[in-house]
Each structure stands twice: as structure tokens, then as C-alpha cells.
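Presented sequentially are two complexes of subunit A, the first with subunit B as partner and the second with subunit C.
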Partner chain A sequence: MNDLLRRYGKGLTWTFIGLTFFWLIILVVLPDFKLLESSFRPYLPVKEIGGPKDVYTFNNYLQIFGNQVDFNFFGLHFPLAARIKVFVLTIFYSGVVTLITFIMAYPLSFYLAKVVSPKSLPTLFLLLFVPLWVSEVLRSFAWYIILTLKGPLNVFLMTIGVISEEIRWIDGYSPVVVTLVYAYVLFMLFPLYNAMQSLDSNQIEAADDLGAPWWRIHWRVILPHCKPGIASGAVMVFMLSAGSLLVPAIINSTTGNWFTQTIQGIMLEGQDWNAGAAFAFMLLLFCTIAVSVAMRVFRVSLSDIAK
Partner chain B sequence: MSAGIDLDNVCCDFGKFRAVDHVNVNIQPGEFFSFLGPSGCGKTTILRMISGFTEPTEGVIRIGGKDVRGQRPNQRPTALIFQNLALFPLMPIWENIAFGLEVRGVPKAKRRERAEELLALVDLHDSADKMVSQLSGGQKQRVAIARALAVEPAVMLLDEPLSALDLKLRQHMRAELRAIQKRTGVTFIYITHDQGEALAMSDRVGVMSQGRLQQVANPRDIYNNPVNGFVASFVGENNIFSGEVQNAADGMASFATPTGTFRARLPGAEGKLYVRPEHMVLQAKAAKENSVAVTLTEVAFEGNFVSVHGVTEGGKNMVAELRNDGSTPIPSAGAQMHMVFDARNAAILPDSATAGA
Partner chain C sequence: MQINRKFLGHLYMVLFLVYLLVPLAVMSGAAFNASKLPTVIPWKGFTDQWFIALYNDTRIWVAVRNTVLVAIAVVIIAVPVGAAGAILVNSISGRVRAILYGMMVAPILVPGVVIGISTLLFWHQFSVGSGLHLSVLGQVSYIASFVMLLVLARLQSFDQGLEEAALDLGASHGQVMRRILLPHLYPALGAGAAISFFQSIENFNVTLFTRGGADTLTVYVFSKVRSGITPTINALALLLIMVTLVLAVIYEINRRRKARIEAAREAEGRRAEDAELIAS
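Then we have the complex of A and B:
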């Protein structure tokens, strides 16, 4: 603090601290708090707001249990509330997205950090970055076009004779998963690359010299070293995926509803901000729980991730 | 078990740069052999070629008589100790040491037992469950040695492993390394730029410069009978005179320099005259031969010896090192004295091994 004052003077220091506070309190904390508060109030006509019916209640949260449907989870059938089903599938497929991005990013980051010559690194990073310059909306539409029934993918596969009939790719959750992986794979790649790069190459050589085959070097030396990077990448990809509205809104099929779409439906179509807020907080809560559990299971601490 | 190593005309190129140039040396099984040279002389490249991380461009490397070209590091009977040790920081000490055994599928209880044995061998009891970060520099050193010994290598390769330690510890570890080598009988190949280390520990030393092996000999011969000027001046100090050889006979010659004409040994090709400071005797009167009149400029008292710097009339700097026996008076700066040396302690040596030699 004294450092800041000495370096930038009083005026500038307080201006920036003030702006940061304004952003945090006015634009982030207060609106969220207002939503949290209203998630405990019933959805009432304007006239009755503040009236005798306007009392705190858990009804908005309990709405999630309504409307039982049959839930078919990989052959396992049981009855489940429709919204919980969407919720569970959203969490599950966000996990799938996270796993796939990890499987893709791990070998790539190893290649970038330890194999490729430093001279070609800037070019490779540029190639990785170029897709980010295109907006997420366009990239999602691009995938929509690729995967559509008469789209390039089906045409290509039929031309080379792999399939004889078009495949309905935009069905279930797979198109969302594919597009989310494409959208967020770099969020996994960069933390992983950073972690990989900080590993002393001598350790890899030492393990090699002691007779370890390549997979054991990865399992015992490289992977444990990269754990914090994997964790921070995984948290980012998982949270972004579970909270993504744009990608599922563009590319989703009718059979693959994302929970954010449920929330959007309640808030914008049903105009019920109270229930929508309740659902949004449930999503936040369960994502946080899922992340904490995963961190406990893989023995990573929050400070590891912050690194 | 230990194995000898033959380097047969080994060269290694990095692009256009020749890092190692026609090196020939036979290292005996159980020998403690050091490669000594300044940084960039190619000694680390030799080590990496023996361990298998770098392949020679030309020539053959044999370990225990077998050509090892094309073998991966994990297929060779060598264990490398890295300059920065490269211990695995996320494993406890015993897992570090037992890593090579884990790789070989040794069951856990056996691994643990072996790790404890090796820890005892390197004098580190009760550290099995500590983490690497809890150990001091010298202790990490021992763990690295134990980890390398665990795979029972025929040859241990050490890449300046003592360079990160402080002076006292370094001297202690020298003796320790030597003792471990004698106890295990493994061939040690040691890389260093520190002449003290190389001379104190090794059975034989190979002095390197610019990719070439200049001389291979036991430490005494390296110091007392260097074959050329590079070896003489890299290992120890010298007073060097440029001049011309006159009437050479029976391995002795006269050497005419601007400072005077001296008698000296002429073991091989002609070059410059080298006289070690400790072979200089300081006296008030000029001697019959090999005597240089100097004005003392600086007298540095170092404890066990006194370093005396002087300058000749012609402006040439000279240095003599006198043993401090506690009774001889120590001269003072400004005095006019004579530095005198015995012809047997002076040698005329060529500059350094020339290409194709």
C-alpha cells in the first residue's frame, strides 16, 4: 500500500483503488447479492411486491424437483425431475469436456514445452491463437455448419466412403461437447504448458537414465509436476463449460438441453427472475462443490492453482 | 561390477561447431577418471555421449568392450549424476533412491530395504521419509549418489556435482566420493573445471581444451610433467617466458628470452618456457644461471605460503611462492631481489596439441 502511494502518488492511487472497488462492489457484489436475495422471494405481480405475500421462502429452489421424467443414464433407468436431469447432465458433460481438453492439451503442451525448438515456438503459438481472434458466436456457427445433416463433414465422409448415409451429428449432447472443447481447449493448454515448461528437463533425463520407459517418466515425474497446472486448467474449462450459454444456444439439439438454457428460459421467457436466480445459484453452488471435491480427490490446494 | 570404457576416435559436431575432436582414451574398470578443462571444452559432451543422451558424430564408444552406439540412456550400464542433481522433488528420499528399482519392477518392501541400505552407505540414516527440500546441499548430493548407485551401474558419470557446494563441504565431499568409489569399486568418470578436485580424487586425469584431449596421466604427472603450455597453465600457475631454443642436447636446452638466457628441460617440441612459482627461490644475490633480478611489487601473506610478485627491469611480471615455515624472514615490497630456479624445474613446452596430433 505504502509502495503504491510512493510510486503513483495519492491521487492516482486512490482513484484506482476507488475504481476497483466500484467495479467489485457496484458491478459484481451488489447485483449478485440482489439476485441472491430475490431468489428467496416469490414471483409476484408488481402491485403485490412488498405486500403481505412477499415473504422469504425456499419455493423457488424447490421448483427444481417438479415434473418427474424417466432418466436414462447409460442404460440405467430411474425417475428424476426434468430440471435435475438437465442439471446432472450439464455437470456430467462439462466434466467430459474437461477430460477431453486435458487429453488433447497434455501431449500438445509437452510437445511445445519440451520437444519443439524454441525458434518455431512463436509461430506455433500464433497458430493456436488465430482461432481466438474469431468470436465465439462465429466459431459455434462454424461447427453448426460442419456438423449439420448435409454439411461438409457428412459430405466428406460419404465421398471417401466411410459412411453410406448421412449421420445426424446434431443430436444429444455431442455437438455441444465438441464445440465447447474447441472453444475452451486453450484454457487447458496454457496452464499446462506453463507447468510443463517449469519442469527441469534434467529430471526427465534423470528418470530416463535410471531406466524408466516414457510412460513411467510421464506418470511419476511429469504428470505430478504438472498437477497444479492441470487443476487450474480443469477448473477454468469446467466452470466455463457449465456456465456457457452461447454455445449450447447455438448448436444444441432438442435432446441436449444445457442447464444455462433452463435458467434463461425461466428468466427471459417465463419472466420469473426469482426462480431463475435460485437456479443460477444452485448451478454456482454445485459447480463449486464439484470442483472442491475434485480438488480433494486429486490432492490439489487452492494455492497450487493460484500459482 | 564395473566396466572399462574405450573412446575410440570420438568426435561430436553441433552444426558446424566441433565440440569433441578425435578423443581417444581407455578408462580401466574401477578407475576414478576425471575430465578436466575450462567450460566449453567438450567435457560435458563426452559425458553425455557415454551416458547416451548425445550420439557421437564419428568414432566408437565401448562400455565393457561392447559398442554402445545407438543404445538409449536407459539401456546402458551407466548412471549419470547431474550438475543440478535433478532429484525428484515430489517424491520422498527413499522413493528417489528406489526409482531405478521401481522401474525394474522390484517389489515395494524390497525397494524400501535397498533404499535404507544405500542411505546407510552414504551416511544418511533416518532420512528415508524426508522430502528433498528438507535436505541440505551436501545431503542432496549424497541422495543423488545413492539414487545412481541403486541401479548398480558399471559406470558412474558425474557432471560437476560439487560445484554448487561451499568450499568446506566441497572438500569434505571429495574425500567422501573417493571413499564411496573405493567401497563400491564402480568406475567413476568425473567432469570438472576445478583442478584441485580433479587432482585430489582421480586415479588419472584427462585435460581437455577446445574439444581435444591434451594429456592423460596421473595427477602427479599432469602437474609435474605437463606435455604442453595449455596443461601447464590450466593446472597451476606459471611464469612464462617467450624466446628461442639454442643448443638443445640430451633433453636440455638453452632458451634465449628478452629477460635473459635460461637452462631448461626440453621434453618435446619447442615453445615457451614455464616455471612454477613454487620452484622460484628468492635470494639477495644473483645465481650463476637461471637468475632474474626483480623489484618486489607486492608480498601477499596467505598463511601457509607467501606469494611474492616482482617486476624485472624489462617490465615483466614474475611471481614466486615461498613456503611459510615460520622462521624465514618475509621480504617486503620494494626490495631488490633475485628469483632463481633450477633447470630441472623449468620446461620448454609447445602451446597445445595441434590438429591431427
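Then we have the complex of A and C:
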């Protein structure tokens, strides 16, 4: 602090502090407090706001328990509130997306870091970046086109004779998962590649010379080394998936609702901002817990993830 | 065995690229299909009508303009804010630093839906209505984090002795900032501006809740997809992909040229060294 004053003087130091204050307090902290505060207020007509009925209540949070439906989890049937079901399924399928992206990205990052000649790396990365630069909304739209009932996928499969009639792909959660994987697989690839690239190839060769089979080299040498990269990629992909509104909304599978769509419905269609705040806060709370758990499990710090 | 595995690697790389690019190709192809629905099959003949429809769609061009304006505003605010945060975090240590750093990084991991709703509610209590100005503020709150990380990384390679020297030689604080710190940070600030611009254009979640009635490109495409789609969106997608490709090709050519020059310089250096050795 004193160091700052000495180097940049009073004016500039206060400018730095002022800008940071504006960012962290006005743009981040206070809005989140307001979110929490609003979530306890009832939804009232404009006239009654501030009146006797305007008292703090848990009703907004209790809304999540309404409307019991049947929940079928791998053959186990039990009744569950519709919104809790959506919440649970959103988290579950975000985990599935994270796992699939990891399985897809791991061999490729190994290939990029250890197999391919460094000369062709920049070109390969450019090719990988091109889809990333194309807007997410358009990438989701592309999958919507592919998966529609009369779309290219069904026609292709019918032409080669794998299926005899059109399959309804846009049904349930699988189209959402497929599109999320496509949208976010690169967010898994780059941190993994970074971690793998920092591994000394001699370690792999040493393990190889000592007679370790290839799968054990991966399990005992490469995977442990990549832990920070895995943590970073997994947290990124999981958060992006669980928080994604665009992908599930574009795919628009009526039987595959995402929790963010529930929030959007309450906020924009129901215009109940207080209940929306309560649901948004639940999502925020869950994300905070999820990130902390991931940090504990992988024993990494926030700065590792941010890399 | 070794060669076999290498071949598998190449094959996987190619398949992965195909996987990434085929959906984009399908989407682009549909832009030329005369069918009223955006699809490549059945092929009803080649047409350019969707590009003409796109050109005549005024709402889309308003959305494009809005997107660019929001992105510029985000860059103007997020870059100084993020840089100031990085300089501040870099100058302190201990617990306060850890807390401040955590607060600065956390917005990246907060779902956009939460940022959008909290921004909307916060400004609403001061009677600031929704609109693109709120979208800008909401986007800055997490985009500044990216700038902060880039600038902080760059600050690690900064030699503070230079500032000390300048101060000893009588430079003012403003001069130290302008002539020594900022020039060192330019690459990070440039990268930060580029990322901010890109992130802002991509943003959907924050914008959807804060935009009021205004459209940005992502929101417009989204509403189009929900309310009866025409292949105009595909025409737009093709144009955007072309822009991306052209930029990528320019970048690649530029990089190769630089690499060639670098290689030539190195070769010359080696020749000079050899000549010196011989001469001695």
C-alpha cells in the first residue's frame, strides 16, 4: 500500500482504489446482497410495496417444493417437487457433460502436448479455435438443425440403413448434453493441455523404460501431474453447463428442462422478480459449494482454477 | 507399435476437427437451401434469397449495432477497472491479498443468470430501468476479472527497479505510470481489450435479464429460433464464420512470415558465430 503511494503518488493510488471499489463493491458485492434481500420479499402489486404486507418471508424459497411429480432415477420411482427434480437433473447432467468432455479432451491434449511435432502446433490450435470464435448461440443452433426430426442426422442414418424410421432426438436431456459437450469441450482441452505440456517427457520415458504398461503410465504419472488442469477444466465446464441458459433454450427440449430455464420463466414470463431472486440465489449458493468442494477434492487453490 | 499409436493420435485429431467443423458446415450449407426451414436435407435448390432477406432485416442490423456498442462500452470500462484491480492486488500481500484476489476471480465462476438478475434488482431500487446500460455494467462485473488475470500475469515480469530509477531521476508519478508501467502492460491490456470485446459479444445470460426491450445479436438469434426460424440466421452464421476464417487465415499467414524471419535471423546469427570462430 505504502509502496503504491510512493511509486504512483496520491492521485493515482486513489484512482486505483476507486476503480477497484467501483468494480467489487458496486458491481459485484452490493448487487448480490440486493439479490439476497429481494429473495425474502413477497411479490406484491406496486401499490402495496412498502405497505403492511411487505414483510420478509421464506415463501419464495418454499416455492421450490410445490407441484409434486414422479421422479424416475435409474428405475427408482419416488415423488419429488417438479423444480427440485429439474435442479437435481441439471446438476447430474452437468456432471455428465463434464465427464464426457474430459474423456474426449484427455487423449487429444496428450496428443497435442507429447506426440505431435511442435511445428504444427500453432496451426492445429488455430483450427481448434475457429469453432470457439463462432458464437455459442450459432453453435447451439447448428446442433438444433442437425437433430431435428427431418434433419440431416436422421436422413443420414436412414440412408445407410442403421434406422428404419426417424428418431425423435430432441427429447429428454440427451440433446442438451450433446450440445453442451460440443459447446464447452474446448474449455476442458486447453487447461488439460497446459498441465500436460509442463510434464517432463523424461518422466514418461523413465516409466516406460522401467516396464510400466501404457495405461499405468497414464494412471500413475500423467494423470497425477495434470490434476490442477483437470480441476480447472472440470470446474469451468461444470459451471458453464449448470449456468447455461442459451443451449437448453435453443435446443428447447420440452422434457429436458434446465434449472436456468426455470429461473428465466419465473423472472421474465412470470415477472415475479423476488421468487426469481430466490431461485438465482439457490443456484449461486450451489455453485459456491460445488467450487469449494472441487477445490478440496483436487487440493487446488482458486488461482490454479483461474489459470 | 509406436508408429501405430502415433497414427491413432493423428486419426483422433482429424476426427476431432471434423466433429468440431461439421456442424458449422451443415449450418452454413442450410443458408443456400431454398427450403423455408433451415436444413440441408431435403435440398430444394440453390438460392441466395436468405442473404437478401438478411440484408433487408432491419432488426438484425440494429441488433448488430447494439452488440458492437455494448462491447465497446464494456472494453472502455473493464480494461481500466481490471488493470487497476491487478495493480492493487499486486502491491499488497498476506490475507488481504488472498481475499481481494478471491473476490476478483469469483465473478468468472458465478452463473450469468445470477449476475443478470442481481444487477437488474440492484439498479432497479435506484429507479434505473433495464436497458443495455445495465447489460454493460453486468458484463463488466465478470469481464473485468479476465483483464485482471491477464494484467496480473504481466506484472509478474515487471521490474520495479525501473520505477525506482525513474523516481530517483526526478520523474513525476504520472510520468512513471505513463512512460514505464503502461508501456510494459500494453500487451496485456491489448489482450484484455480483445477478450473483453469477444466475451461481451458472446454474452447472453446477463444481457437477457438486463436488456429491457433492446436486442443484441445473441438475444435476437435466440428469439428468432424460438419464434419461427427462417434460414436468414444461417446466412448470418455463414457471414460470421467467413469473417472468423478470414481473420484466422490472416493471423496464420502473419505468424508464418514472422517465424520465417525469426528462423532466418537465427541462421544468420549462427553463421556469424561460425565466422568468428574461424577468424579467431
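Annotations
We take it that the second predicted complex is superposed on the first by the 271 of 307 C-alpha atoms of A that agree within 3 Å, B and C clash if a C-alpha of one lies under 4 Å from a C-alpha of the other, contacts with A are read in each partner's own complex, and residues count from 1 in each chain.
Going forward, contacts are C-beta pairs under 8 Å (C-beta built on N, C-alpha and C of every residue); 3 or more make two chains touch, one makes a residue touch a chain.
Just so it is clear, the model here is predicted, and its values are computed rather than measured.
Touch criterion met: A:182 reaches subunit C, while subunit B stays clear of it.
In the superposition on chain A, contact of A:210 is made with subunit B only, not with subunit C.
When the two structures are aligned on the shared chain, A:137 is found in touch with subunit C, with no touch to subunit B.
Of the two partner chains placed by superposition, only subunit B is touched by A:202; subunit C is not.
A count of residues in subunit A touched by subunit B and by subunit C gives the higher number to C. Of the two partner chains placed around the shared chain by superposition, subunit B is the only one that A:220 touches, whereas subunit C remains out of contact. In the superposed pair of complexes, A:17 makes contact with subunit C only, with no contact to subunit B.
Of all residues in subunit C, those touching subunit A in their complex are 5-6, 9, 12-13, 16-17, 19-21, 23-24, 26-27, 30, 37-41, 80-82, 84-85, 87-88, 91-92, 100-115, 117-122, 124-125, 137-138, 140-141, 144, 149, 160, 163-164, 167, 172-174, 176-177, 198, 201-202, 204-205, 208-209, 217-218, 221-222, 225-226, 233-234, 237, 240-241, 244-245, 247-248, 251-252, 255.
Of all residues in subunit A, those touching subunit C in their complex are 1, 3-4, 6-9, 11-12, 15-20, 22-24, 27-32, 34-35, 38, 104, 107-108, 110-112, 115-116, 122-124, 126-131, 133-139, 141-146, 148, 150-152, 155, 182, 214, 235, 239, 242-246, 249-250, 252, 260, 263-264, 267-268, 273, 276-277, 280-281, 283-284, 287, 291, 302-303, 305-306. Residues of subunit B touching subunit A in their complex: 51-53, 72-74, 78-80, 82-84, 86-88, 90-91, 99-100, 102-104, 147-148, 150-151. Note for the complex: subunit A touches subunit B at residues 200, 202-203, 205-213, 216, 220-221, 224-225.
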